[in-house]
Structure formats: C-alpha cells, structure tokens
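Letters are used for the chains, namely A, B and C, taken in the order the chains are written, and counting of residues starts over at 1 for each.
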Amino acid sequence: MNTVTLTVKKQPELYLECENVNPDVFAGKKIEAIAKLGAYQGKAMDTLGDYFTITGESGATAADTKIVVNGDCTKMKYLGAKMTAGEMVVNSDCDMYTGSWMKGGKLTVNGNVHSFCGLAMAGGEFIINGNAGNYLVAAYRGDWRGMSGGVCRVKGNAGSDVASFMTGGTLIIDGDIDIHLGTHMEGGKIILKGNANRRVGGQLVKGEIFVFGKINVMMPGYKPVGEVELEADGTKAKFVDYIGDLGERHPKRKGETVYGHLYMKK
Amino acid sequence: MYGWASTSCQAMSIGHDIAEKVGGIVDNCATVCHGSSLIAIEDVGVPSCTLGEIKNRADRVIFWGCNPAHAHPRHMSRYSIFPRGFFTVKGHKGRKIYCVDCRYTDTAKCADEFIQVQQGFDYELLNAFRTAARGEALPDTVGGVPKEKIYELAEEFKSGRFGIIFFGMGLTHTMGRNHNIDIAINLTRDMNEFTKFSIMAMRGHWNVTGSGQVLGWQYGFPYAVDLSRRDQARHQTGETTSVDLLNRNEVEACFYIATDPGAHFPVDAMISSAKKPTVTVDPHINCTTEISDIHIPVAMVGVETGGCAYRMDNVPIETRKVVDPPEGMLTDEELLTKINKRVDELLAKGGA
Amino acid sequence: MAEYIIRNGHVFDPVQGIKGDKKDIAVKDGKIVDKVGSGAKVIDAKDKTVMAGALEVHAHVAGPKVNAGRWYRPEDKHFDSHKKPGITRIEGGKSIPTVFKTGYEYARLGFTFAMEAAMPPLYARHVHEEIHDTPIIDEAALPVFGNNWFVMEYLKNKEIENTAAYIAWVLRQTKGYGIKSVNPGGTEAWAWGLNCLTIHDRVPYFDITPAEIMTGLMEANEYLGLPHSVHVHQNDLGNPGNYKTTIDSLKLAEGIKVKNNFGREQVLHSTHLQFHSYKGTNWGDFESASKEVMDYVNKAKNITVDTGNVTLDETTTMTADGPFEHHLHGLNHLKWFNVDVELETAAGIVPYIYDPNITVCAKQWCIGLELALFAKDPMRCYITTDHPNAGPFFRYPRIYAWLMNKKFRDERLNTFKNADKVIAGTHLANIDREINLYELAQMTRAGPAKCLGLAKDYGGLKAGMNADIAIYNINPDKFPSSGPEIEKAFANVAYLFKDGKICVEGGKVVDFGEKKTFWVDAKVPENKLVMHDIREKFLRYYSVNENNYPVPESYAPHQHIITVDATKA
C-alpha cells in the first residue's frame, strides 16, 4: 500500500471543502496532480496544494492507497467522504461530513468529528477516536436511506439524531449519546456502551439496539417481554428484551409481526 | 442574505438573482421558526389541507403546542372553531376542540378539553397516542397524562369525520424539534386509516411561506439554500442555516431584509454578525439596525406597496397597496433591482 | 427581427405531409415564411432533422404540488450538479426540476410548449408565478373541474349552460386553458377519506357519479367550443383490473359531438393511459391490457390519448388523485404529502422507484411502450411520461429510442430480473413495429398541437406558422442504428428556434426568449345565477375573498390569449 501524507500548512479563513481528499480521488495520480486538486472555500475554488504540504505517492487503485492527514483539520469538511476502498487516517479533529457516503475501506479519525459524519454509510470501517457531533451515520436530509452497511465505532460520546433511518450495518458507541438514537430505523444494529438521555428507538420499524448503560426516559412504545442472554461487540451479558416501537408499523414474516428490539443490560 | 418573511415574492425573486451572482446563501425566518416543521416534512411528508377545508368539514380540532388566541387572533373565528361551513352548519357546537399544552393558555379556555403535557414530553405523548391507536399496551402515564385518557382520546379522534391538528412552537422549539412534528405527522397519517385527518403548521411570519415557495421553485429547497457553487444549490439544516453560519463564522458579510434577527437570533450569532459588514433593509429601526453598518429603510409591503404572499396553508394571496410610502422611499423590489444592476456592473468589471 | 434560412435539412412536417425531404425553412419576424432576403443568416442543417418545436401535452411542471414535491425532497437535488456553461441560472432536481432547469431542459430536448396538467384554481397565482419564472418555453395550465362543488351541483341538475358559464369564469380568473378532470368525483370523496373507483360510484353528499361529471364536462366543453377537449385522468388509476373502468370512461365520449373553430376533432383526451391499462386482480396476476384499450382507442376517432411511459427511474409521483397517493403510500411506505383544496380538488405526492428488478415495474414499462406501438393513428396518440409520475421528462430521448429501435427495447426487456414473467404478462416482445421520424413528429408535434387547438400556428413548419423549430443532429439517411445513439441525438438539439429566435445552440442555452402564457378567454351570455352562486360560495365557504381569486396581469407579462365566443351557442 502506498501512502500520501498531507500536512496542514495554512488554515482556511472560512471552511475548506475537502471533497477530493479520499483514496478514490488520489488513486493513480502523481503528487503534483493531487496538489492541483480543487477545494472550495465558500464560492472560491482553491487547491489542496494551497493548504497542505503533500508527500509520498498514491497507489494505482483506491485499495492500494493510504492517506495520512496531519495538522489541524478542525475547519475541513468532507474528509474521506465517498471513499470505496483503501485507508485514511486523520490525526486531528474534523469538521462536517467526514466519512459520509463511505462505501468501503477504513477511515480512522484520531480526534473529534463534527456533525453529519458517516452519512448513509454503506460499507467499510469508520473509527472515531474521539467524540462525534449530531447526525452521525444518519441519512441525508429528506432521504429515507440511512446507514446500510459497514461498521462505525465511536470511542467517545455522540450527539443527537444518531443513526436516523438506519437500514443496515453496525454502530458502536463507547460513550454516551444525547437524544434521538435510531429514529425511523429499519434495520441494522446499534450498540451503546454508555448512557442515553432520551428517545431511543423512536418510530423504529425494525432493527436492534443494545444499551449497556441507562436511558433517562424510555419511549412509551416499548414493552418488556422477557430476558435474554446475548453477545454484543464481543461482550456477553443479560439483557431485558423490549419490543417496539409499538406506535409504528412493522413488517410481517410468515404471518408474525417482526418488531424491533431494544435490549437493556440488566 | 437572510429574512424575506415580510416582503413580497416578487422582491424575493430579485434577491435570489443577486445571491446567485455573488455566490451567497439565502435563508428565511423558518430557520428560527418552523424550520423544524420543514425538516420533518422533508423526512416524512405531511397530510394537510387548506383552511377552508377546516371551516367546512372539521369536527375534531386539536391545538398542540400553539396558542392562536394570542398568535393568530382571527384563526379561531375564521377557520378553526366558530365558523359555520358547508358541512359544519352547527359551528363550534358541532366540533370538539382539544388543546394540548404544558400550560393552561387562553386557547385552552376555548377548548372542550385541555390536556396538560409535561414540558418536553410531546414526542413521548404522541408516541403513546400512536401506540394507543394501534391497540397496543402503554405504561400508566406518559408525560403526565394517564393511559386511560390517552386511549379515550385516541378513540374520540377516530370517531370524528374530519380531524385536524394545528401545531406551533410548542412542538418546533421543545426537545427534539423536528422529531416532534415528525411524529405528529405520523400520528395524522395513522389516523387516516380510520377517518380523515390532516395537520397544519401555524406559521408565524406573514410571508415566510412565500419565501419557502419561491426558493422551492427556483432552487428546490424551502430555506437555508447555499448558492455558493455555480453548478448546484445545496441545503443542510445545521450547516447552511443562518444561525450556524454566524456561530461558526462561515460567512463574511450579512444582508438582512424584512426581518429582525437582532431580536430573535441567539446573541452569539448576532455578536458574530456585528463583527462583519452588515446591511439591513427594513422600514423600521430595530435591534438589527443597531448593529448594522448600513440601514436602508423601504416601503412596507402590504401597506405601502403590494405583492404576492403565501398563507400558512400555501394559498397565494395578493397584498395590496393602501397608502403611499413616504416621499423618496423605495420598495424592496426597486431597491433590489438597483442593487442587482450594480452587482452586474461590478461583475463586468471583474469583481470576484 | 433577424431573418434566418435553415438550409438543406431533412424536414418532417405532418401538417404538410413532408416525410424527410430536403427543404429550406425561412424564418422572419418570428414566423415561418415562404422566403427571406439574401441578408438572412444561414443555418446549415445538412444531414440534420428539422421538425417543429415539440409540444408537451401533459406534465406537472408548475404549481403548488410540484413545488411541494421539490422542497420536501431535498435528496432529489443531492449530488445533482449541472455544469452547463453559458447564461443559465443554477439548475437542480432529478425528478422534479426547478423552474430554471425545466425551461432549459425542455428547450434542449427541442420542446417549445408545455401544458401544466393540473392547476387548482385557488392556487392559480402560484402556478402563474412559476410559469413566469420558467424560461424559454411557452406554457399554459389546465384548471381542474372534476371535483369542483359548483360543477357537481350544476351537473347533478344537468345545467350545462350554467356549468359552461362557471367554467368560462374560472378560465378568466385563473388564466386557464381548458377543462381538466382528475379522478372525477373521487377526489371530493377523498376529502372524507373515501374514493370513487368506478364511473358509477356516487360522490358522498353531492350524489353525482363520475360518469355524469365527465359527460357533463364534455357537453360544456363543446358548448363553449374551447380549443382543447376535456382532458381526463380516469378513476381507478394504478389498480390491476382498471382497464374496464378506463374503457367505460372512454365510451362516454361516444355520444358527444365535437364543436370548435380550431380544427380539434376529439371530444376527450385521456391522459397517461399506461396507468389505466392494467388487467388482473392483484399485483401477482397483473397483466397488460394495452391491446384491449388500444383496440377501443383505435376505433374511437373522437378520442386522443397520451402514453405515460415508465422510464425505470427513481421519481416522484404527484397527482390530484389524492386517494391514489394515499394508497401508494400504503404500498411503499415512502413519505406522503397531501393537501385537500377547499371546494375544488386535492393533491398527493409520494416518491416512487420504478425498479427494473421488480416485475410489476417492468410490466408497467412494457405497457407504456405497447400503447404507442399499438396506436394506428399517431396523430391521436402522444408520448408523455406524465412527468414526473412515470419518469422525468428528460428521459424522452430514451423513450424515443425504445420506440424506434426494437433491438434496444428487447435488450432491456430480456435483461429484466424476471424477464420470463414480464414477457408472459405483456405483448411487447411480439411487437416488431418501430416508430419512424415522421410518426414521431406526429406524436410529439402535429398531434399534440391539433389536440390542443393550436394547429393553426404550432406543431408544423408551414408558412405563416410560428417559428418554433427544432433541429436535431440526426441524419435520416444514416439513421442511428443503436438505441444509445438515438437517445444521444435527441437529448441535445443542434438548434432551437423559439418565436424565430435561436434560444438553444449546440445544446447550450443562448437566449431566454420571451415565453408566453397561453390562456383561453371564453365569452358566454350573461348569467346572473352563476354570478350569484359564486358570490355566495365565496362569502360562506371559501376561506379567501372573491377579490383574491383572479390572477393579476402582472403575473403573465406576455400573454397569448385565445378568445372563444360562445354567446351564440
């Protein structure tokens, strides 16, 4: 695997839209060409070379390309967005849309990420060694297709509106979340190791949410039906099984209604 | 360029042309008002109707988190409680009125039934209504409302011929924001399996709906429209909305028209705005003009000049000129046309 | 104004019966003329196809439900960048384009006119604001009458003259073009959550049937002598087995005599027929009824139809058939938008994905194409997608390619996931016919113009007609042999002339033209009763003032008014 290293040399006055910073765009390009790739700041098109010192070399394909970003990226958006293969490591906090519309590959952020990250993630691995903002792995505005595949792991806390309209894949949050986790979920798995404030699994059609910590207020549409012993992210534990959301429609399979499950650790 | 909620659609159109040329962002008052409702509608749609349908057909009227007695004083007499319509010849005697709020308002005084919901528990209560409508089990109380009451109300709603939910800031500005409206819309949708039900937002600014419409047909989004890219318009509440742009210092200049963000925006946003070149276009001296670099007074739309406006149910209404504006006062349309011409001149000279 | 001479093009003009002969077309002062001076600018149309500008006879492009569709679907604009150089404004929207994109894209495809298919009279001002902002193409809008309280009350008592007087009043107030009827009776029933699925179901309270509404509207239309006929979206749209209701509805035209001064020969235009040509009892045994329906249409000379072709895209359905949209939402659970309009109509919107892997969608695609291929008279069958319901209008080039190249459509047919089931339930595999350029000109230009009562000035290239001309990069002598080539050729005109001005050149918009709003001003004898009823209903039942109803002149700065005198009817 070849590595391209970007080091921040200048901060944008506003915010930098780094839609071209991902293995798919870098693949097969020489460093000079990468430096000339565009990056919007507001309405003006600058180049990556204006803001980053770029060294190394890219692979022939995305899968052969690794990108390392050093320096302060707090005001950089879209890092790693739309990547389908390869690897990317960002050693900084990032702004919005980090890793959004990922289809494959591995993206690691050693820092916090802002909101709208991992939107509609379809595959690959997205590791956040920090906190995440709001709308993590949610669907884009208005779209009913949220995260559908891959694994996203947050070492810290996440905000609100996490995993809205999720249809597949796995989300693991080691810390806490605020409100609205898994709203309108239609599939997939969420594992929350910490606590949730409120509104977990609201309007959920199908899917599984494991909560190891506490929820301040349970949704009224969830009813306990028993206890189960399950394994979540490598940990075995006893959970109280709640089915729901009883206020929402649910699919049927062989005449039986298929509910979503909210597993609360005992 | 923010505001637009108190000017005509014709003026907005010119403003958008300017925004496109300079690569700016256009946002309207929904961003601090019914933007949450718009988000919810973007996510789940909405079964709605025009106000005349309420007048002519509604026999179950629910005010949830809104207070028309104060905010829309003619609403109850023109549309929602008292009028005798085609199928509602008994007027308010043929309607059952419900008011759901965390406090006993003047609207609640006009209602047949007042349901007090614990602050911040609207989402949970609406979830409970949906659960009750499906005949499923409920905990003993939800948001302070006992489950027997919830089942009873769900049945009453189902038994009507035409139900309507009006909602306002009680849902848009409490915990969850758009999710509260989202689930209220879902409840309305569920109700349509049993009888006819609609839901409507009680919009506050008289032409914010119009701004949403013009932005809609010109760019495809109802507010928070980013026109900085020549090749596409973009929209993301939380990123291209005015308060966020100001808080994150993502804009370099501010143009306010037909609004008063100084009075309504969070103070941090206005501090940010005050540090940037700011222009305000408004007939009055207001909180915003205090922090602006330039204040251009204009004629009042609907009084000193006419133009098209859209009602809260999206029906277009013509506003008319009633008196002349003060001597020399331009209308929004005239002012924006002049600005637009000047922008053309500067661009031709090679401005950015 | 500039003079042009379009030299050496292969002209296809059904109005003059020209089937591809090389002929020069002269343009002067916005009209087609016999000849121009030597100073005329020469447009080299060698090896190109020259036709009149196309007319879109039914699309949802301007109005409250179109706009609701736009702003409630931000994802429709997502990742939708348009790098079209030139003077154009920002474009956007994959299935519901913004008004700028609508105008530019229709022009790029060679269209010069579009009919907004359904205008709720209460929202007419909104429709005209959007029409005003749509560049280049002329537009008109059809107000809806099939669920209107006035119409239902008058027709229950068979008061044709009163109905006509009311319709004339509405056309004037809303600057409307003709009579549209959507799901007659059923949408009023929907205001109570009900519907009318056959033409004999009675509307709650108003106690009238869709058959009576349709017949009455047709009689009123001919009484007035309007340029267009009644334009109907039949009951029971989209349900397996609905072809029987469709043929029942079409049969209602049998007794009606056509009357007008515009050359129109039909008394009924049945729209997006694909959605109404379904056989079977459920989605499992769903089959094509295109043969049964077209057998009737081919015999019934006083009916015109348009196809409503499915394009196999993710799109947005929107219609005044409110109950249907609620039903569709129940099937696919996607976000549902609904608005009931007092005294008049309703509208519903639901996104829909016509997935080629789903047998039903594939069959729908077949049915749309079959209707066009079974049509014996191309002057009576027009190509549409009921934009955006069956697909976005910018797929027209692909539909033309499917109709003109059997290999291309067979490729699509045979690669469906359940191709054998699809083929078994439809006729498309057995149809060899390929539409040719002349027939295409009939189905997209001359036919729609005649149907809309515009044949005198539009839809053809005869001297005296309006200079709305489309020149395509298609050499009829070397007609493209593959579907994708046909599609590419129709997707971007070499030139588009609108009112004698070049608005599109090489697929690029170069001039916005001066589009006109078409509407019909029908004069009727003074009718005190109807005026009184109007005053009454506004006072008691409408939520707006009578003063707020008419659309002011400023909303349509360039009007093309067609006057009709029905005072001596």
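Here is the rule we use: a contact is a pair of C-beta atoms (placed from the backbone, for glycine too) under 8 Å apart; a residue touches a chain by one contact, two chains touch by 3 or more.
Quick caveat, the model's predicted, so the values are computed rather than measured.
A.B. asks: So which chain is farthest from subunit C, going by the mean of the CA atoms in each chain?
C.D. replies: The chain farthest from subunit C, judged by C-alpha centres, is A.
A.B. asks: Could you let me know which interface, A-B or B-C, is made of more C-beta pairs in contact?
C.D. replies: Ranking B-C and A-B by C-beta contacts puts B-C first.
A.B. asks: Let me have the rounded angstrom distance from the C-alpha centre of subunit A over to the C-alpha centre of subunit C, please.
C.D. replies: Computed from C-alpha means, the inter-chain centre distance equals 44 Å.
A.B. asks: Any idea how many Å lie between the Cα centroids of subunit A and subunit B?
C.D. replies: 31
A.B. asks: Listing for subunit A: what residues touch at least two other chains?
C.D. replies: 141-142, 144
A.B. asks: Give me the residues of subunit B that touch two or more other chains.
C.D. replies: Only 42-43, 229, 235 qualify.
A.B. asks: What positions in subunit C touch 2 or more of the other chains?
C.D. replies: Those would be 72-74, 76, 335.
A.B. asks: Please output the residues of subunit C touching subunit B within their complex, sorted ascending.
C.D. replies: Against subunit B, the touching part of subunit C is residues 62, 64, 66-68, 70-74, 76-77, 80-83, 89-93, 96, 98-100, 122-123, 125-126, 129-130, 133, 149, 191-193, 205, 326, 329, 335-343, 346, 349-350, 540-544, 548, 552, 555.
A.B. asks: Which of the residues in subunit A end up touching subunit B in this complex?
C.D. replies: Going by the criterion above, the answer is residues 13-15, 40, 42-44, 96, 115-116, 134-135, 141-142, 144, 165, 179-180, 183-184, 198-199, 202-203, 217, 219-221, 223, 245-248.
A.B. asks: What residues on subunit C touch subunit A, complex-wise?
C.D. replies: 72-76, 78, 333-335
A.B. asks: Within the complex, which stretch of subunit B touches subunit A?
C.D. replies: 22-24, 39, 42-43, 121, 123-125, 127-131, 133-134, 136-139, 142, 175-176, 179, 182-183, 186, 190, 228-229, 235-239, 248-252, 352
A.B. asks: Which residues of subunit B touch subunit C in their complex?
C.D. replies: 9, 13, 17, 20, 38, 41-53, 55-57, 78-79, 85-87, 161-162, 189, 192, 195-196, 198, 212-222, 227, 229-235, 308, 310, 313-318
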